[in-house]
Amino acid sequence: MLKSHLIAQLLKLLAAGLLLISFAMLSRRRTQRLITLYAWQGAILFLSTCLVAWDAGLTELWYSAALTLILKVVAMPWILHRLIQRLGAQWDNEPLVNIPITMLAGLVLVIFAFGLAQPITMMATTITRHTIGIALAVILLSFLMMITRRRAITQVIGFLAMENGLFFAATSATYGMPMVIELGIALDLLVAVFILGIFFFQIREQFDSLDLHHLESLRED
Amino acid sequence: MSAPRWLSAATALHGPTLHSLLFLVAAWVILGAVGLLRPRSVRFVAHLLFPLGAVGCIGVALLAGTFLATGHTAEAMILPLGLPDLPFHLRLDALSGFFLLILGMAGAGISIFAAGYFRRGEGTAPALLGLQYHVFLASMATVILADDAYLFMVAWETMALSSYFLVTSQHRIPEIRRAGFLYLLMAHVGAICILLCFGVLQGGSWQFTFDAMRGASLAPFWATIAFALALLGFGAKAGLVPLHAWLPEAHPAAPSPVSAMMSGLMLNTAIYGMLRITFDLLHVQFWQWGAAMLTLGLFSAVFGAAFAAVQTDMKRLLAYSSIENVGLIFTGIGLAVLFDASHMPLFAALALAAALIHALNHALFKSLLFLATGSVLHATRQRSLGKLGGLIRRMPWVAFLALIGTLAIAGLPPLNGFVSEWLLLQSFLFTPRLPQAFLNMLVPLGAAVLALTVALAAYVMVKFYGVIFLGQPREPSLVDAHDANWLERIGLGWLAAGCVFIGVLPQFALRAAGTVTGKLIGQTVTPGASFWRIAPVTPEQASYSGLIFLAGIVAAIGITFLLVRLLAHGRMRRTAAWDCGYPWQTSRMQDTAEGFGQPIRHMFGAFFRMERDLPSPSDEAPRYRIHIEDRFWGWIYQPIARAVQRIADAVSILQGGRLSVYLLYSFLTLLALLVFVL
Amino acid sequence: MELLLVLGFPLLGTLLLALLGSRRFAAELNVTISLATLIAAALLVLRVIRHGPLLVWHEQFFVDPFNVFLVALTAFVGLTTAIFSRPYMRIEEHHGRVTPNRLRLYHSMYQLFMGAMLLALLTNNMGLLWVAMEAATLSTVLLVSLYRTRASLEAAWKYFILCGVGIAQALFGTILLYFAAEQTLGHEGMTALLWTHLNAVKAHLEPRVLGLAFVFLLVGYGTKVGLAPLHNWLPDAHAEGPTPVSAVLSGLLLNVALYAVIRCKVLVEGSIGAALPGRMLMTFGLLTAVLGAFFLWRQRDIKRLFAYSSIEHMGIVTFAFGLGGPIANFAALLHMTLHSLTKSSIFFTAGHASQAAGTQRMDGIRGLLGISPTIGWGLMLGSIAILGMPPFGVFASEFLILTTAMREHPWATPFLLIALGVAFAGIFSKVQPMVFGESDAPPLPHSPALVPVFVHLAMVLALGLYMPPALAEWYRAAARLIG
Amino acid sequence: MKLISLVRQCAEVALAIGIAPLFAGWIAQCRAWMQNRSAPPLIQPYRMLHKLFHKDAALATDASPLFRATPYVLFGTMVLAAAIVPSIATDLPFARAADAIALIGLFATARVFTALAAMDIGTAFGTMGARREMMIGFLAEPALLMVLFNAFLLFGSTALPSLVDGYAAHRSGIDPSVIFAAVAFVMVLLAENARIPIDNPATHLELTMIHEAMLLEYSARHLALVEWASSLKLFNYACIGFALFLPWGIAIHGADGTGALLVAVAALIGKLVVAGAMLALIESVSAKLRLFRAPEYLATAFLLAVLGLLVHLLLGANTIA
């Protein structure tokens, strides 16, 4: 009883941390820092998954926790790190919308997300049910981030962050998806990142920059 | 769409006539396909297949005629084709019989002519032309025979499509491409309107057979919607003002036999559809419908005649005259609806009969004239009236046959054009008895408009014939114009004979139309007791006898001629034209087409948008040019085009090329939907 | 067994062609594998017809009339496209736009794409469906960027990001679905994601959650369907990829995505009633159709033109599904089939046309009848068919859709009228000068394989005039499943 | 049809052909008197015809058969018209062959042929005249039709014999609408027969010609026929007018023995004398209009006819038939 209560507290703490990180991502400019934040996000996910697994005693969740550790804390950040090393794209230039406004929009989104999550929270039986709203918020925030950023890499990081949010939602709402699906998702993700990696180089060799405003030639004029 | 309850009481299953008609229709398609065996051989396609097609036309005409004369129970059958729950239904009743009769009679002449007309090296390969031509014929017949919405639409659009390809057979000329595009666009939009009309008509019964639609009872509002949609759709095909813009472009662009088919036959399918829906499926409900058709019809008639009077291209002139005639036909139909809705069946039947007969007449003389222009075109390579003239001496055959057509279309007794116009005026005479206030005072004025139109048509036709065939040749090259070949002459002769026959013995046509009105309105029109004249109401009231007219005129002329020969001496010498003694006559001094249209330009100035450039007095080689345009372009068509363009420009902003914006779209969509379900 | 083959052949092909894809006979191999897939699919169809719906492998795979006819269609168009791409890619190679290595990538990804789509169609597991869709996206991203030109990279990038994000929404929707299902089915096993099970209990699922789930799923898969305003990736991807890819994107991928949407719609309707999803689909459909039509108006690139026409038609189909009812669904399914047949054939001809003229800009393509009558007539007839002119089949479905709409939702018909009219003017005014007129372009180095074009068009024509009872019954069964 | 009626028919036609030139001559005489010129003798037209018939015909080199046939066609149509119009009796075999509308058609035929013949030679004046003639024609016809409409409303028929019989049947006063109609009819008559104020039959100034301009190329017997035909046309119009508005004296169906016929002939001649004088008077007091004013003139005629119609409808007057 106490244990599960404690765990619930911890989980809420972690969720709060997740939300904080998302806001941090919205505000950060340096790509390097974004990657670090992304790694932290992964770590929190890993922890929360472990906690849930411990609490619910589900072996599946241990696996997916392990998966998270490998993929999202180690592999992806490392790949991304190497990428920006090779591409020399540490700095992101000004976002399209200036930071404060983005933050405000983010706040609104969070409220909206909580509002949406209400019915689900009502029904959910899981220990983590209160965190669903946060998961949704994280998804929307990273969506916002993708919209506001100008660089290919930052958009990708936003995309990955969104995927984290989804994962968090899965664990918190339903103790995670079935293993097959988890694996499938993970695989897709990995492939996606590889493809993106290839793309970065091709884009750079074609446009010798990763700035997205080069990619605006296909349009109706 | 469950098992269709299509069989109605008055319908005999698998009638023999319908079978043989269907066989002939199929035969046309096969004929067309056979041509592909020897795609480039003009002799094979033109001199063998087209005459066979003409034979098919005659067969159709005979079958339909006998059916009208004898058959009274409609025949129906179902083909195992079409949509799963909606096999193709076919039905032959009086109305379709009458229009098949038209198709056959005029089609035969046109096909024979076409056999002599198509030459090598003119646009599409002859075999392809043959295929398109016969598919066109077959689809028109199918439209008339169709008894369910789907088959009707399929045949309808096939008709539009095949005629489009025929129009664009000389697709290397940009104007022709433009005309074809405009035509197909209007046809398609019109077809969608008709489709929606059927959507209303099926009244939620999910049965698209016409029988189901006859059964369905619609609320007045929906009925009117259906009628309006039908009027839009069929009006667009018939070239009713203001939906006419495509017609004067497309009809002249086609090879002459095709122009003849489009003006003479295809317009009639639109008339047929209008009748089928208004009388048969919707069984007339409100007099307002009639008023609408009447107004549109009269306006189109005057508009068409006025525009025809100022044309300088002989085929455009005929196209505008088609608009005029369609206007007259719609006037008749509108009058019929008006009377029918006011429970005056006899007068309704009279008006409807007039409209039907005029449709028949128009098919005959309009195709005759279009074919004549075709011969002229081949002989002179000229379409512009300003470059023709004096052809009566070079091509007497065509000139003589065209004269018959000209007199007929000008509505002069004893030819057929007069009969239908006479009947129409007769039915107008009863309009003061209409119950609706105002209407019974306004509609009679329609009779005056009608008279004006008919007289204008005479004016137009005098211009048409006089400028092309009479006077001096306006171009030296015209001297070596040659007369039409024998196949062409047969075709023209056939149609001319039709004009004379119906003019002199109108009672047959009237009896045929009478059976149709009997089926549609429940009131037959009879030619009257005596065989030699028609007296649709009573002989005391009015009667007309083309036979006696002809006999009388011939006798009078003959006797006069003989007397003059007997009494006066026949001495005669040829001299130069006197012309008030002016010595330096040249062919340039005759009235040009523009000149002949000048009074009309004065009187109907409101219709036209004119740009004139008058030469300066000091000009050595002065040239007077006038360009006349249809105001409706500026009023309807261009605004629509501009609007679409503007919207398209606005829409294209959505595809701005910036990824973030795209993401924003999907983000906002997401949020909007979430709010929506919240 | 057939199932295994249907899924196995493409995957096998992926591996084989990944190894041998650069060889001379790769194209033929590609065709062979597609043929094998088609045969397997045919067997599967026969089996389903004979024994009714199929549920195999721990219920992970489910075959009913609805998806089996899409499977057959996919396999068929897959084959014809492979046949077409043989000479087409040869010519591209001849023009030096692709290297043998790229060809290897192309062939292998082509098969992977096929496999992914068949998987998406056949699986019974909503999660697996998602995975398959993602896989299809990834493979096509590589295909779109095959030429490695600036434009193709840009298109691929946009395609990737937009569909990736969209798909992510779909995943969240799936999670919600799973979550709602758990409440009733419980967590044991992994039955809670199986469509059949969900379908069985859909009446008891929590409405509000399903409402939310449907929104996310609609936005997610709708992005791949190309519903406005989520469509922006579509024209770019179609225009910049190799033509065979455009053909399968338009002809197949959109269908599969729509299939996913409909599967979800069925579930959601069970819980929250047909009104809300129906209205959403109708609104999206109308918006898409009208916008697509207006986009057509000012296109300059032939493949973009027909890409937008695909958007318009997807709009019409979506609208029809939104209408619901046996007839509308029947019409929608019919329209899906006919559209993919017609549109792929159009892309075939358009591809050869632009190769012949050496440009995709339409003002550079003139007088195709002069260059090669088959290409010219193919393009002309295809356009006429896609514009819904009888006797081509597309008209049949539009006939049913319009008449239904006129009765059920008259307010919608003006929009449809506008959409169809504007689309007609937009497409035909551009096709006519391309087909007609004069031209001085040289003939193609390899003779084009236009058999597929005329096979497709012949089928479309036949369906317009006569539909075999078996096929009709099949459609009807599928329509009943959608409800 | 009975033989007697056939005989009557022939007599009527013969009478028409005979009287028509005299009628024209009479009008000319009256005009001369009113303009106090010394008048030509009454049979002047006959002298004219006689002279023309004995001249040699001069024909333009490239005149087509149409041109040579036209005079006969004109004369033939006018004779037929004379046979149809009940000038002295109503029970005529030909009278039922056409009602008034058909009669208008018949006149239109004549007009079209005249115009075509005028265009045939291809001279400047010919085509000009044709154009003007056709213009007057299509302006006049609506007015004429409205006049007939009035008659129809009164007696429920457009067949002239029935109209006459109808009048005879009920001499129930005169309907106000008839007055308007009559005035309109006279105006149309003037226009259709190329009289002042639309056209001047006696003019020799080419630019103002309408009817004359079309005949410039005709000579000798052709010209004679044409002239005769036009005088017949005038006569026919007059008889139509009598049938419509003052049918008294015409031997009606049933009561048409020889005596009645003689009375009818006398009445006809009387009416013609008066009508001729009236026409001459109108022509003398009014001046020729500019061509562009012709539409206004005919529009006035049209409006009068329509007014008659409305008056009839509004007064809900005694529709007899």
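Letters A, B, C and D name the chains as they come in the text, with residue numbers starting at 1 for each one.
The criterion applied here is as follows: contacts are C-beta pairs under 8 Å (C-beta built on N, C-alpha and C of every residue); 3 or more make two chains touch, one makes a residue touch a chain.
From a predicted model like this one, the values you see are computed outputs, not experimental measurements.
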{"item": "Shortest path length from subunit C to subunit D (each step joins two touching chains)", "value": "2"}
{"item": "Chain pair with the higher count of C-beta pairs in contact (A-C, A-B)", "value": "A-C"}
{"item": "Most distant chain from subunit D by Cα centroid", "value": "A"}
{"item": "Distance from subunit B to subunit A - Cα centre to Cα centre, in angstrom", "value": "70"}
{"item": "Gap in Å, rounded to a whole number, between the CA centres of subunit C and subunit A", "value": "31"}
{"item": "Subunit B and subunit C, separation of their C-alpha mean positions in angstrom", "value": "44"}
{"item": "Interchain centroid distance [CA atoms averaged], subunit B/subunit D, Å", "value": "36"}
{"item": "Residue numbers of subunit A (touch at least two other chains)", "value": "116, 143, 146, 155, 215-218, 220"}
{"item": "Set of subunit B residues in contact with two or more other chains", "value": "652, 654-655, 659, 663, 670, 674"}
{"item": "Touching chain combinations (by label order)", "value": "A-B, A-C, B-C, B-D"}
{"item": "Residues on subunit B engaged by subunit D in the complex (per definition of touch)", "value": "389-390, 392-393, 403, 407, 410-413, 418, 422, 425-426, 429, 432, 440-441, 444-445, 447-449, 451-452, 454-456, 458-459, 461-462, 465-467, 470-472, 533, 539-545, 548-549, 552-554, 556-557, 560-561, 564, 567-569, 571-580, 582, 585, 587, 589-591, 595-596, 598-599, 602-603"}
{"item": "Complex contact set, residues of subunit B against subunit C", "value": "1, 80-85, 149-150, 153-154, 156-158, 160-161, 168, 171-172, 174, 177, 180-181, 184-185, 188-189, 192-193, 195-196, 198-200, 202-204, 206, 208, 644-645, 647-649, 651-652, 654-655, 659, 662-663, 665-666, 669-670, 673-674, 676-677"}
{"item": "Residue numbers on subunit A that touch subunit C, as the complex places them", "value": "116, 119-120, 123-124, 136, 139, 143, 146, 152, 155, 159, 162-163, 166, 169-170, 173-175, 177-181, 184-185, 187-188, 191-192, 195-196, 199, 202-203, 206-207, 214-218, 220"}
{"item": "Contacting residues of subunit C [partner subunit B, same complex]", "value": "157-158, 161-162, 165-166, 169, 208, 211-212, 214-216, 218-219, 223, 228-230, 232-233, 235, 276, 280, 291, 294-295, 297-298, 327, 369, 384, 387, 389-391, 395-396, 399-400, 402-407, 413, 417, 420-422, 424-425, 428-429, 432-433, 436-438, 464-467, 469, 472, 475-476"}
{"item": "Residues of subunit C that touch subunit A when the two form their complex", "value": "125, 127-128, 130-131, 134-135, 138, 141-142, 145, 148-151, 153-158, 160-161, 164-165, 168, 171-172, 175-176, 178-179, 182-183, 187, 190, 193, 206, 208-209, 212, 235-236, 239-240, 295, 298"}
